[in-house]
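Following this line, the structures themselves.
What follows is a pair of complexes built around chain A, which joins chain B in one and chain C in the other.
Showing the complex of A and B:
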């Protein structure tokens, strides 16, 4: 018989990482018997610093995360990573060098890494990722990094559902990659320019600073119009280690300045709202699919022959449901 | 008073592109008065060749699409493009060179281009994109290309909801970009290696051929075990124009070989099923959000203070709904 989720929860509170893994798996598989426990875990969490880290493919996010984890560990803080970037070494699409670098981290009890696949997920990515964050939070992790690729609606939103959002840019990426980046720059609390050992990184840093000076999220102000936070640009090099410690100091400062302000409270509410929508949506979708998939299969032949349309079919499937 | 959707539909059938644009806008804004017409449009469509085109950022998709459109036009066929790639020149994240190249196309009545934003969409991306395809199909377009970036669950699925799926690779991309690519290679009916004017493109072509020879979708077989389609690798250069005509011949051959087979029928059923799920999901989500957003707002304070959890809240919001 499987261990009851409530028992895993008790063990989780003592920092048991095996219990953490098992609870995450149950959450990902939408195990209905675990829902009540996940609710308890949510209520017991709220202590950790949640850091969202995103950037375009090629920006060097994954290597940066490895470096960050090692550096944060030096201060004794426990660090968790939830990686939902398909190119992340943690989520499997990997580069050998990174894999080797990560091996040291994996042997450290103060580090926990969980990867989540974006492909093949039934859409509950946000729910699974943020539940995993609660679980690590409850297990006593101090900093939890959510790493996502900055492409795709869900991925960007998940990175925003954090206390501190870092957007990673890098010099020397192609024009079309840079164009994607434009869409995510506005969500940054901190801009990171990785690969700052490269000479062309100065240009990237200057560009970002110019953009900030032009008024795009240059500072976040509270109701009395007092600037709470000026969005900084921090250069880092995963090669030489330059700037990693500064990035951590900046990240800690942001938490302090922002989260204790009124705006921080607003942000926590926005995150709570997002989570509730996503959790409800997920539950709704699962219930709907479970109970209509047979009826849909029966209609597919007619729809594929264009004798019936998906709009009329959906209307019939949903009937008069109301909330 | 706005023109009734039914009237726009009549005009659409005569090839009126203004009617097409207006119907697409109504579909994107979830206009309930248009649903019945969208159903009629769906039933009247089914003649065009739907081509999904996807690839990682930096693979040169957008330039390739411009080239493809120009070349297909030479045979007199009308070509539509639905661009939902954030880096596409059509969807706004643009490169000047491409914009200029596209200007010629825009002046051509046999070309229609529609871009769709991925960010800020409420999730109905698949429904909007595939409805736009129906609209162009009904307006008499012969080939309709759906261009998406090969990152993000939705984007990849939309590219798959086509008769012929092309995956674009390019030489010289970084390791982590290549890693993303790994996830989309398996959906290809045709592999395209863009930038084949570059000497290192031979390596990319060889790698893909090796992968195919190792048995990953080397050929698609019907029930009698007869190979219906061997997945080819086509090199193209948007610079010199090399291989573009061959790609079009290959694309046409795939339609002929695959769509008329039993497997083609299976594919149309899969697409119909996907569309029905997506349409129903979208309708469901809109109904749910419309009628619960106030109730969610009332709960957010407690949830953000961790006095209530999103799971319990969702359960309450959904109540006993059944389908």
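Showing the complex of A and C:
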């Protein structure tokens, strides 16, 4: 007999990680019997610092996460990691390999790592990633890092979901700063240039600073026009450990700057808004499929023969959903 | 809506290549499963911790080094100790015939030894998860 989700929630509040794991799985499978509990979990969360980490494939994100987590742990803070990789568009399956870079963390009770596949969500963020964050938050984790692959204009959702967004660029992956190509330059609260043990990293840092000086999002100002946050560029090396301390200090400062300003409140509202829209969108899509799949198959024949148009058909189908 | 079957593939022991595991990983992905791969030379405790955090349906242990008679019991004990006995454990790689009965006795659900065709692996995991039922 499966343990009821409400019971898992009670265990979660005492820090039971087995309960955390199971609740995440139930969230991922959209288990209807767990929704109410997930709502309770949302309300019980809200203390953790949510850090989004994105950057093009191979830029050194997972290795950096591993370093960062070890360092943050020295201050006693508990750290959760949600590592997201894309699902295969063909089979829907995935190979989740970020953990390979984080093996040094797996015996530490104050660290929890969960791998997730994007599974059809286009924004680079797995649908239940934020629920997983709430679960870890409720279990007492202080910092939660979400690693996502940034590959295109769409994958900026991470910035709408995290308190602090870090974009990782690496030297040697091409002539330009790849974040520009990927369209993820503007979303950073902090720019990280990884692999600074490499000689060409200075150029990447200079390029990035030049881009920022040209006016993209260099500072966030409050209402009295006082800059609250200047987007910094921090060089790190996961080989030598250079810059890791500084990145943590910067990350903490960003959180501090937000906690003490109206902008922080604004951001929390934006996150809440984003989440509500996403949740409603998922709910709508599921209900649409559940309540119309049979009727759709009846209609496609007519539509394919052009006896019926998709606009009229959709309108009719939508009118059919009970809200 | 159900989720894909989650599988953790672990390479335990000293032998140094993982070509075989990677092929299995791709096969399972192509069958629609989510496969977590943890790299070479993992210890039983590392494997069990990862399996619990990832809440996998199936833990696949790959061994070539002949250490199965010590490693498998350790993993089964740790799963029990950490209240994760509902994890389905399968063993792949090389295991001599005379050890198979012992491994099954300690709770290994299935042995998928070297040369098991990919379709058979997919079929076996799918069946085992179905037999276990919802959790």
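Convention: the second predicted complex is superposed on the first by the 262 of 323 C-alpha atoms of A that agree within 3 Å, B and C clash if a C-alpha of one lies under 4 Å from a C-alpha of the other, contacts with A are read in each partner's own complex, and residues count from 1 in each chain.
Heads up, the rule we're going with is that a contact is a pair of C-beta atoms (placed from the backbone, for glycine too) under 8 Å apart; a residue touches a chain by one contact, two chains touch by 3 or more.
The structure displayed is predicted, hence computed values, not measured ones.
S.K.: Let me test your reading of the model: by the given contact rule, A:307 touches which partner, first (chain B), second (chain C), both or neither?
M.R.: After superposition on chain A, A:307 lies in contact with chain B alone.
S.K.: Report for A:112: first if it touches chain B alone, second if chain C alone, otherwise both or neither.
M.R.: second
S.K.: Please work out whether A:21 is in contact with chain B alone, chain C alone, both, or neither, and reply first, second, both or neither.
M.R.: After superposing on A, A:21 lies in contact with chain C but is clear of chain B.
S.K.: Between chain B (first) and chain C (second), which does A:212 come into contact with in this model arrangement: first, second, both, or neither?
M.R.: In the superposed model, A:212 contacts neither chain B nor chain C.
S.K.: In the superposed model, does chain B or chain C contact more residues of chain A?
M.R.: Counting contacted residues of chain A, the larger count belongs to B.
S.K.: I'd like to know which partner A:284 touches here: chain B for first, chain C for second, both or neither.
M.R.: Touch status of A:284: first partner only.
S.K.: After the superposition on A, what does A:57 contact: first (chain B), second (chain C), both or neither?
M.R.: After superposing on A, A:57 lies in contact with chain B but is clear of chain C.
S.K.: In the superposed view, which residues of chain A touch chain B and also chain C?
M.R.: 87, 93-95, 119
S.K.: In the complex, go through chain B and note every residue touching chain A.
M.R.: The contact residues of chain B facing chain A are 35-36, 38-40, 42-46, 56-58, 60, 62, 86-87, 93-95, 118-119, 121, 123, 125, 149, 151-156, 173-177, 179-180, 182-183, 265, 268-269, 271-273, 275-281, 283-285, 287-289, 291-292, 296-297, 299-301, 303-304, 306-315, 317-319, 321-323.
S.K.: Please give the residue numbers of chain C that touch chain A in the complex, ascending.
M.R.: Contacts found on chain C: 1-4, 6, 25-26, 28-39, 42, 45-46, 49-50, 52-55, 82-84, 134-135.
S.K.: Could you please specify the touching residues of chain A with respect to chain C in the complex?
M.R.: Chain A reaches chain C through residues 2, 17-18, 21-22, 24-25, 28-30, 87-88, 90-97, 99-100, 103, 106-107, 112-115, 117, 119, 286.
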